[in-house]
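Labels run A, B and C following the written order; every chain starts at residue 1.
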């Protein structure tokens, strides 16, 4: 018996369901354009087999281990590595059994849909994961992983990916991307410029990072002008060598500033000296967004802003396990005030700023009105915790009436989990087709217009917005 | 082929759709009560033909030109006049073609529904606007506009409008309203008292405005008592001469204050001297809301508060094109704190304060609980960006359970676009009937009660709340 | 004719409706676990008849009198007692008639559903309340109330209540609970520890309360260590004598603090001296939440936090009528910042903190992400103004995808109105089954999993989370 309902995520009413299915069938098999995510370029450069089922599905997936942990399962029992190298569960089958025993926790979550999708479509699993089926499914997946057609490049091809973007620091030499480019494999794996390490005064080792950054760029990055030149240089390198078409910025807030150059330069000096107050560090980050936006105007890289997450909420977990352990919690963001300096600097130009949010209350109130008027601003898709059926539905319901479809940019999977890529794009295509079918059924979109919009949302808008 | 689906905005399920259609048919042709909007009284006073299709549908409609601009079309290419009188596109047909070529941008938006409604019902257009049909539709509308039955008074009559309110400054002499009253035309066009120019210390020319205000009122408005007396006088004038039943207030925040008179008087002096700090100006505006509320208690004018928009977000666009160019962006408002002084002053009386919001997150959390207990407070309908099918649905879903239907006041079209008036009321009637049908179908409202509520929402509540 | 639709609150689509009905039928008659509410233990201790229909349905129910008052009916006309003992309507039939004449105000509200449910199921009323039926229904209910099977203990048994919690102050001697325990009645009425009177420096008579508190506990509660010991003592008393399994905390904000003990002790001294600034009082309250959490870790009492209500919004109504008169208005809460100190202190332990909110915008943005990772944190159900069909639906739609079902704790009725208990649990069971049916119909939950989840939400999760 299949794990997945063929008509999942379509509206239950039979007439609208038929409409949605019709729209979906025409976009289901379109190539996947994945313009933003966090897959590891080493996978595609080295093309090595994944170690075991737990290493594929549990240990690296914060959606999965955070839910298990929320019910009291210690992270070390799930094999999540400790910072101090202390002992954690090292038997992948033991981790898998714990996962399987608690699979009911994922009822109603997108993780369940993604995992079942990968089980069924990638590995041919036909039984639901549970304590009873844990070992058989483990063995089935482990057996597959040993075969060449389950290596990263083969999966990329099988998933119908046309292009996938990773994100790298300006300090990265893009060796994996060069390896891929030099290989005879035809996959298109591009990078994105993510400069946190050299624009955030609070980043660990900021001053040393800036020095290395200058060395890589052949500029004296310890002067304000040299620092800006180094950015221009590394952005060009990311474009040329890594195929980058975009930059990515993940500050705690959406604050932007457009300071006088002398003030920015002075802040930069204080940042290098480690003397910034928290507010000064925040102003510097805010100002650097506007500098990045101005560079985008020159070099054409599309700018992405992902603000609004309070990182590492639990000090104890951070101390024991480090970053990205599920303790990044969304918070409110005031986009109207925060984006004003940057939008006043470049909002009327033809550069592109793609905004993401974790604060859904801003969709209809702030972001759709802003994207519905500023030529430079586009809305990224429902993100992270909102990368889900309900999250996507709310995104469309709360943005379309004011921003329309054409100030949005299609789907981003934003994932670190390779096997979830087709599952996530499939969810997005289904939810968008369901939404469009609803509009048709209620006379808000003509039936002959819907297929074009469905195609735009599934494929064209992502390619165009990200210049792919 | 009609542009509009006869059953648009009704629930797709056939049984509920039949319920909704039945409710709608009984209210569809009720007279239009339009208690709040921004149509130009000169239209009805002078009854001149509209110039051309672009002047009717594109150039004055910020919903339309903001969406076109968001995709990179310069405002001057749409004929939007520059402040400096610089050249803009002056050929209305060229503007129209640009509009038509980009008509797909409006898919899924209320503008699309309103425009198609006007095309079909007012002008008999039968083809969808596009690059191909642009000229033919232009010619058809232009031809209609030359005929007497498309002049403003004729359209008012044809639309079944029973009464329509405009808004004027206290500095306005209401000449157009007097012209209408003196004519033999039976239309009821009333004004509303909108005192921004004389209550906002930051308003351009505030001190001079207050002087002229005093002159019009026959009071020395440069003293605090004379200033209050001038308000009383002009409010009475607006009632008697302009038929006003309401006042309208559009401050950036919902802040109210109830200051000691000596402090208010001192702030007023500083305001006249141009010495208010931003916070003092805000306090003065906040205090004047409470003064206006107290005057409403005396003279019976219904008070409307429309807060929460950050005006002129783009400095460059404001400099080039001025106000109301689509750059007014909603922001968060804390109603619980902001309204407390005013509600503590008059909330327990039988004056009426109608609150609007652009911050939907306040519907269920703040505004419905406040309106569900204070006798003076009523909720205005979904407003501006939320004047849409989804916006209205969310309004009902998030306010009804706590405030009921009878602390709401029916529909406001709030429009500057004459031909959109029947379209907007039609959307509101359909969405409300759809909502009521859903309640009936889920056992939350008895079938015999729904028609009365539908009638209340479409007609009676607006008349009663606005004393029309 | 029945007042209630048998299929109320189920989705209208016939297939999903059948699914929902099937799930509901299996949970409809499960015992009621009521782990949080405000019924009066005197009812069950003394088992006296309720005075009259108005005393049962109108005068004590803030949902009811606030709605009537919002339309201009004075509270005294509804028999709500004044603080000064001044005259209010004393004829219950007159109050009832006013209620009946205005029963249309409750259309679309949960109150209407609850009252109709009680009318039909408890009193066998078959006609809708209105001016015409007021007297007959009054007489019917009054007649019932005189009979022994309508006394509190009989109703408890008839409603199928398995356990019900009240809330008491640490200053309460739990006499009623002792009476119940000593009786031969088998009902389980337990208390919950609600320490506002002795943890809030702004509470009326705080210093005297602390003194009495110490006396009751046999500790010198005027020293910081003695004060903490007194809490431990009274918590133990509430567990042993009152059967308590939980504590309850209703601060204005969700602010928590984890101060050094010396600083907490110093604040405590200032609080006893009445010298706390507002911010110091707030910090003290915030710190006491963390102290309570640490005690929960020791004694196993489940901790409940109900923040975010601005109490007594109208000064005039508070002066005339006192607390709890419908003027408590929800406000925004920043949970991410506010809960961090407490969660950093105990969030990784196996104590349980159940969070409630009146700010729905925090469900998907803050609370589900927090509950979906911290082992200690669980989400309480949709609360107060959101204890409604739409409120519950939004709760599930905005929490399930990130927190799943198993970080929620079933339903709380939170009521002061005995007859509404079965009605409220029935609404919750119907809405949850409707939600689950929707998941099944859209392929997000397997049909064979749904009944287990329905049972969990209706019964098991409340028992487990509250250790009942």
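The rule is simple: a residue touches a chain if its C-beta (ideal position, glycine included) is under 8 Å from a C-beta of that chain, and two chains touch if they have at least 3 such contacts.
By chain, with names taken from UniProt: A, B, C = Uronate isomerase.
Worth saying up front: this structure is predicted, and the values here are computed from it rather than measured.
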| item | value |
| --- | --- |
| Category of the chain touch graph - line, ring, star, complete, other | complete |
| Interface sides of chain A (Uronate isomerase) and chain B (Uronate isomerase): same vs different residues, half threshold | different |
| Cα superposition of chain A (Uronate isomerase) on its sequence copy chain C (Uronate isomerase) - rotation in ° rounded to nearest 5 | 120 |
| Intercentroid distance (Cα basis), chain B (Uronate isomerase) paired with chain A (Uronate isomerase), Å | 40 |
| Multi-partner residues of chain C (Uronate isomerase) (each touching 2 or more other chains) | 11, 13, 361 |
| Complex contact set, residues of chain C (Uronate isomerase) against chain A (Uronate isomerase) | 11, 13, 15-16, 334, 336-337, 340, 343-344, 347-348, 350, 361, 364-366, 368-375, 377, 397-398, 400-407, 438-439, 441-446, 449, 452-453 |
| Residue ranges of chain B (Uronate isomerase) in contact with chain A (Uronate isomerase) within the complex | 4-13, 66-67, 69-72, 104-110, 112-113, 128, 310, 313-317, 326-327, 329-332, 358-361, 385-386, 388-391 |
